[in-house]
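There are two complexes below, and they share chain A, which is joined by chain B in the first and by chain C in the second.
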Partner chain A sequence: MIEALLQTLLNGAASGGVYALVALGYTLVFSVLGVINFALGALFSLGGYLTYLLMGGRISANGGLPGWGLPQGLSFTPALLLAALLTGLVSLVVERLAFAPLRRRRAEPLLYLITSLGAGLVLVNLLQMLMGAEGYAFPATALAGLPDALQVAGARIRSVQVLLLAVCAAAVIVLTLWLERSRSGRALKAVAEDATTARLLGIDSGAMLRLAFLLSGALAGLGGGLIGVSISLPGPYMGISYGLKGLAVLVLGGLGSVPGAIAGGLLMGLAEALVPGDASGWRDALAFAILFLVLLLRPSGLLGRRQVEKV
Partner chain B sequence: MGGLAVLGQQADPAAKAVPAADAPNGALTIGGVIALTGNANLYGQDQRLGISLAREWAGSRRRQPGEPPLRPLHFQLQDGGSDEATAIAGFNLLIRQGVLALIGPTLSQQAFAADPIAQRRGVPVVAPSNTAKGIPQIGPFISRVSAQSSVIAPLSISEALRRDPRIRRVAVFYSQDDAFSTSETAIFQRTLRARGLTPVSVQRTQLADNDFQIPITAALQADPQLVVISIQAVGGGNLVRQLRELGYRGAIVVGNGMNTPNIYPICQRWCDGILIAQAYSPELDTPVNRTFRNLLRGSSPDRSPSQITAQAFTAYQVLFEAVQRLQRRGGLENVNLGQARKALMEELLAGQYDTPLGPIRFTPDGELVQGQFYVAQVRMDPGGRSGRFALVRETGVSGGAGGSASPPAR
Partner chain C sequence: MTVDPRLAPTGGSAASPLLELDALSCRFGGLVALDQVSFAVQQGEIFGLIGPNGAGKTTLFNLISGLTPASGGQVRWRGEPIGGLGPERINRLGIARTFQNLRLFDSLTLRENVLVGLHRETRAPLVEALSGNAGFRARQAALERRAGELLALFGLDARADDSAANLSYGDRRRLEIARALATGPALLLLDEPAAGMNPAEKDELCALIDRLREQFQLTVLIIEHHVPLMMRLCDRLAVLNFGRRIALGSPEHVRHDPAVIEAYLGGQASAAGERR
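So, the complex of A and B:
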C-alpha cells in the first residue's frame, strides 16, 4: 500500500516538475506583460534540439543533410545549460518580432495571443525544415555513470526522471530566490506589480520585460533538453503538448503566481499519476477535469490573487 | 447549380483521354501519399526509400523481344503527414492532378479516412503497410500488399510461448487512439486467450505518449513474464527502453508498428531481444529479393532491409507490372483516365507477382495472399546504435490473407 502510494507520488512529481517549469516560463511573461506567450511550446522543442545538437547529435533533415552534426560535442550538463541560454536568446527575438510592435501600439491582449501563436508555428516549421521531421534519440551514454533506475522503498523511478525532478526543483528554487532576494529580481516583481510606478522609481521596465522573456525561454529550453534526454525527440511538435499542459498549470495555479505554478504543476502531475493503469489513456481527460473543477470552485486558481477592478 | 456541375466535370480529369504510349507526354503518373512529417515519418522514410528502389528497378527493365515498349511511369510524391486530414488533402490533390493509381497512405488510421475518397473517384489504391482489419473492404478499388495483422501477429506470441512455455502472466500495452494498434491488440489478446492466458494488466496509452513511467510501474506491479506491445515506432521504442530501465527483464513481443530499423536509435541497447512477426525476411533467397537488397546496399549502405521498405517496393512493383500487362493487351489505348483506372484495378487483382516478400497475389476484394511469414528477434550491435532483425522462424500460413501464392508464370 505504502509502496503504491510512494510510486504514485514519485510518478506525479516526475511529470509535475516539468509542467511546473513550463508554467513558470508562462508566469514570468504573464506577470510582467499580462499576456500569455504561446510560442513557449515551440521554444521547449527548440531547447531539446539544441541540447541534442550541442552534444554532437547527428541529424538527417529529411534526408537532405544525412549525418550532419557539429564536429565536437559537449557533455550533457554544459550542452543543456548552453541550449537553455540560446533558447532564451531566441525568446528575446520572439519578443522583438511578435510582442514589441504590438506593445508600441498598445494593442489588445488578444492580439498578442495570435502573434505569439504565429511565432511558435513559424519556429516549429523552421525546426522541421532545418532538422527534419524524423525523431532523434540522445545516446545512451548521455547520462553515463547513472544507473538506469533507482528503487526507493520498493517504488521504482528512472534515474533520468530523478535528474529531471532535481533540475526542475533547483531551477524553481534559484528563480524564487532571485525574485525575492536580488535587486533585479525585485525590480522585475515591481514592474509586474505596477509598471508605471516602477518606471517612476527609475526601473527600466523594457529591460525587465526582456529579462522576463530571456528567463522564460531559458526555462522552456531547460525543460526541452531534459525531456529530450528522457524520451528522445519525437519531432518538432514535441513541445506543443507540454506547452498546453504548462498553460493549464498556469491557470490552475493562478495566473502570474510563481508558487501557484509550482503547486499547479505538482497537482497536475499527481492527478495524472492517480489515474488507474487500465484507464491510463484517459489521463489527460482526467487531469483537465480536475482543472475544470478547481476553476469552478476558485476562478482565480489555487494561489492566484482575485482581480480587483479599480473604478 | 448547373454551372457548378459543369465546373465539376471540367475539374475531373477522369474524363480526359489517356495519352498514346509514344506521345511526348505518354508517361502515366502514379501518386504516392506518404508520411514525411509527424510521428509516422519513421515509416514514411522507409516507404519513400522502397518506392525509390522500385523505380530504379523498373527503370532498368528492358522490353522483351516481340513485345511493345515498356510504358513509362512518372511518380509524384505528396506528404501525407501523420494524420487523417493531411492524407485526405494529399489524395484529393493527386486525384485532381490525374494520377492513374495511388500508393499509400502510411497509417491504417489515415487509410480509413482517405481511401473512401479514392474509392468514390474510382482510383486504384495499393496500400504498402496498412495492416488493420477491413482496409480492402473499403471498396473494390482498394488493395494492399501488407498481410493483415490477424495473420501475422499470433506468430510472435507463439514463438515467445515456445521459448518459455511457463509464461502465465502477460501485460499488454496499446495506443487506444490508433486504429491499427487497437485492431492489432485485439488479435494479440485473442491469441493469448486462445492459449489460456488472460492479461494481468492492460495499459491503454495514447499515440502521442512518450513517457510511460506511470503505465509501466502499474503493469510491473502485476509482475508480468511477457509484455505485448501494439504502439507505433517512436512511442514503442521509448516504451521498450523505459520498461528495461525500470527493471523488466522478461520477454517482449512487439507489433507491426515497430517493424522498422528506425526504432534502433530510440530504444538502443534496450531493443535487444524483442520478438516481432514479419511479412518480409532479408534472408529470403530469391532473385528479386537479391536485386532489392543490392539496390538498397547501393543507395543506402548503412540501412538494413526492412519490411516496410520491401512492402513499398512491392506496391510500386505490382502497379508497374500490372500497367505493363495492360499496355501489352492494348488496355490503355483509346480510353479515358477513368476507364484506364478501372482496367488497371482489374489487371492488378488478376496478376501474380514475384516480389521481395515472396510470391504474392490478391483475392478478388484486394486482400493480399502471401505464403510465407517470419518471426525475427532484434539483435543490437555492441554500440547499441544499430542492429538487425535476425530471422528465428519461418512459417507457412494457410487460409485468410495467408495461403498458397504460387510463383508467377514469367
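So, the complex of A and C:
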C-alpha cells in the first residue's frame, strides 16, 4: 500500500518535472518576447528522436532506410545532453525563420502565434517524412547499469522515474542558479523587464533573445529525450500533447514566473498520477479542471505577478 | 578620416567637439518635434537644455541615445556620425542616459541594477564561469565592489540588497544615475534628474553632478525645468521652443536673450496672466 502510494507520487513528480521543463521553455521566451512559442512541442519530439538516434537506435524511415542507424551509439547521458543542445540549435533556426522576420517588421504579437505554430507543424512533418509515423522503442540496454528498482524506506520503486525526476531537478536548479548568479542571467532578466532600458545600458537584446530560444529548445529537447527513454517514441506527434500540457502548466503557475512553472508542473503531474488506473481516461479532465479552478480563484496563476500598469 | 598620429593619444581630434548636433530634425507624421537643431557639446562641459514643455528636449535625448531615428540632420560623436546606430551600440561608444519617468528594473535589487550597467565589464569566458576558478571569483568580487562603490557614491550602499521597487522617489532618481554611470560613459544625458526633489535635495544633486564631472571626467548634458538650478550648474545652455533652438550660450547670455524672455519666460508670464 505504502509502496504503491510512493510509486504513484514518484510517477507524478517525474512527469510533473517534464511538464515543468516544457513550461520553463515557454517561460524563457515569453518573458523576453511576450509571446508563446508554439513550436516548442515539436522541439520536444525532435529531442526524443535525436536522443534515440544518438544512442544508435535503428530507424526505417518509411521503409526508405530499413535498419539504418549510427554505426556507433553514445551512452544515455552524453546522447541526452547532445540531443538537448542540438534541439536548442534548431530552436535558434525557428527563431530566425519564424520570429526574426516579424520582429524586424514590428508585427502584431498575435502573428507570432501563427508563424510558430507553422514552424512546429513543419518540424513534425519533417520528422514524419524522415523517420516515419511508426513508434520506436529505445533498446532495452539504453539504461544499462541502472537497476530496475530501488529500495527506498522498505519500498521498491522503479528507478527510471527516479532518474527522470533527478534530471529534471538538476536542469531546473542549474537554470535557476544561472538566472540568479550569472552575468547573462542577469542581463536576460533585465531584457525581460525592460528591453529598451537594457539596450541603453549596452546590452545586446537580440543576443539575449537568441539565448532564450537556445535554452528553451534545449529544455524541450531534454524533456523529449527523457520521455522517450522512460516510455517510448509513439510517433512524431508525441511532443504536441506535452506542449499543450506545458502550456496549461505555464498558465497554472503564472505567465512568465519561473517558480510558478516549476510548482505548476509538479502540481499537474501529481494530480494526474493520483487518478486511479482504471479511470485513467479522466486524467486530462482532472488536469484541466484544476487549471480552471486555479484561474477562477487566482486569474494571474499560482505565482503570477499581478499585472502592473506599465508607464 | 585620417587623424594625425601625434594627436591620437589625446582621444579624438582636438578640433571636433565631443558631441555635435548638425541640423537635427525629427517629425512624427505632421508634427515637427525638432526643427534643424544644431549645437556642440565640448569635452568636460555641463551643458543645459531648457525650454517649455513640449519643446522637444526629451525627443532630442531619444535621438542622441538611438531610440528614435532622426528625420534629417546628423549626430556626430567625436567627429564620427552615429545616426542609425542602435541604443546598445551608442551606449558602448560612451553615451549613457536617465529617464524623466524613471525606468529602473523593479524586480532586481539595487546592486543588481548597477551590475546590469556593469554588464560589459563582466565578460568572462564560459569555461571560467562554469568552473568558478579563482580568477573568475576574484573578478566577480571586484565587480561587486565596483557596484558597492557606485551605490555608496549616492548614499545607497546600505540598501544594496533591497528591491529597487521599495525606494523613495529621490533615491530612485539617484539609483538611475548610478546605473547609467556603471556603463562607463564619457557623456551622461540626464533627463530632469531633480524632478520631485525638495530644494535641499536639489542643491545636493547639483553638488553631486559637479563632483561626478571631476571624478569620472564626465561631460554632462542635462534637461531640467528648475531654471535657477540650471543657471548655477551649467557652463552653457541651449534653449528650445517648439522644436527650434532659440538661444545658445552662457547662463548670463541666455538669461538676457530677448528671444528667451519673449518665448520662454514671457510665455510663462502671459500664461500666468491668463490664469488670473
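As a working rule, the second predicted complex is superposed on the first by the 293 of 311 C-alpha atoms of A that agree within 3 Å, B and C clash if a C-alpha of one lies under 4 Å from a C-alpha of the other, contacts with A are read in each partner's own complex, and residues count from 1 in each chain.
Methods note: a residue touches a chain if its C-beta (ideal position, glycine included) is under 8 Å from a C-beta of that chain, and two chains touch if they have at least 3 such contacts.
Since we're looking at a predicted model, the values are computed, not measured.
**Student:** After the overlay on chain A, what do you see for chain B versus chain C, clash or fit?
**Tutor:** Aligned on chain A, chain B and chain C fit with no clash.
**Student:** Touch test for A:87: chain B only (first), chain C only (second), both, or neither?
**Tutor:** Neither chain B nor chain C is touched by A:87.
**Student:** For A:197, decide between first (touching chain B), second (touching chain C), both and neither.
**Tutor:** The second partner, chain C, only.
**Student:** With the two structures laid over each other on chain A, which partner does A:137 touch: chain B (first), chain C (second), both, or neither?
**Tutor:** The answer is first: A:137 touches chain B but not chain C.
**Student:** Under the stated touch criterion, name the partner, chain B or chain C, that contacts more residues in chain A.
**Tutor:** Touching more of chain A: B.
**Student:** Which angle, in steps of 10°, is spanned at chain A by chain B and chain C when each chain is reduced to its C-alpha centre?
**Tutor:** About 150 degrees between chain B and chain C, seen from chain A.
**Student:** Of the two partner chains, chain B (first) and chain C (second), which one does A:182 touch, if any: first, second, both, or neither?
**Tutor:** A:182: touches chain C, not chain B.
**Student:** So in the superposed three-chain picture, is A:115 touching just chain B, just chain C, both, or none of them (first/second/both/neither)?
**Tutor:** In the superposition, A:115 contacts neither chain B nor chain C.
**Student:** For A:257, decide between first (touching chain B), second (touching chain C), both and neither.
**Tutor:** neither
**Student:** Once the structures are superposed on A, label A:272 by its partner contacts, choosing first (chain B), second (chain C), both or neither.
**Tutor:** After superposing on A, A:272 lies in contact with chain B but is clear of chain C.
**Student:** Touching A:205, do we find chain B (first), chain C (second), both, or neither?
**Tutor:** So A:205 only meets chain C here.
**Student:** Nearest CA pair across chain B and chain C in the overlay: distance in Å?
**Tutor:** 35
**Student:** Identify the overlap between the chain B-contacting and the chain C-contacting residues of chain A.
**Tutor:** The overlap between the chain B and chain C interfaces on chain A is empty, containing no residue.
**Student:** What part of chain A is in contact with chain C in the complex they form?
**Tutor:** So the residues of chain A touching chain C come out as 182-183, 186-187, 189-190, 193-194, 196-205, 311.
**Student:** Can you list the chain A residues touching chain B in their complex?
**Tutor:** So the residues of chain A touching chain B come out as 4, 7, 11, 14-15, 62-63, 128, 133-137, 139-140, 148-149, 151, 155-161, 227, 230-232, 234-235, 237-238, 241, 272-273, 275-284.
**Student:** Report the residues of chain C in contact with chain A in the complex, numbered from low to high.
**Tutor:** Within the complex, chain C touches chain A at residues 65, 67, 86-88, 91-92, 96-97, 99, 101, 103, 105-108, 112, 115-117, 119-120, 122-124, 129, 179-180, 182-183.
**Student:** Name, in rising order, each residue of chain B that touches chain A in their complex.
**Tutor:** Where chain B meets chain A, its residues are 36-39, 41-42, 45, 175-177, 201-206, 208, 210-211, 213-215, 217-221, 234-235, 237-238, 242, 244-247, 262, 265-266, 268-270, 384-385.
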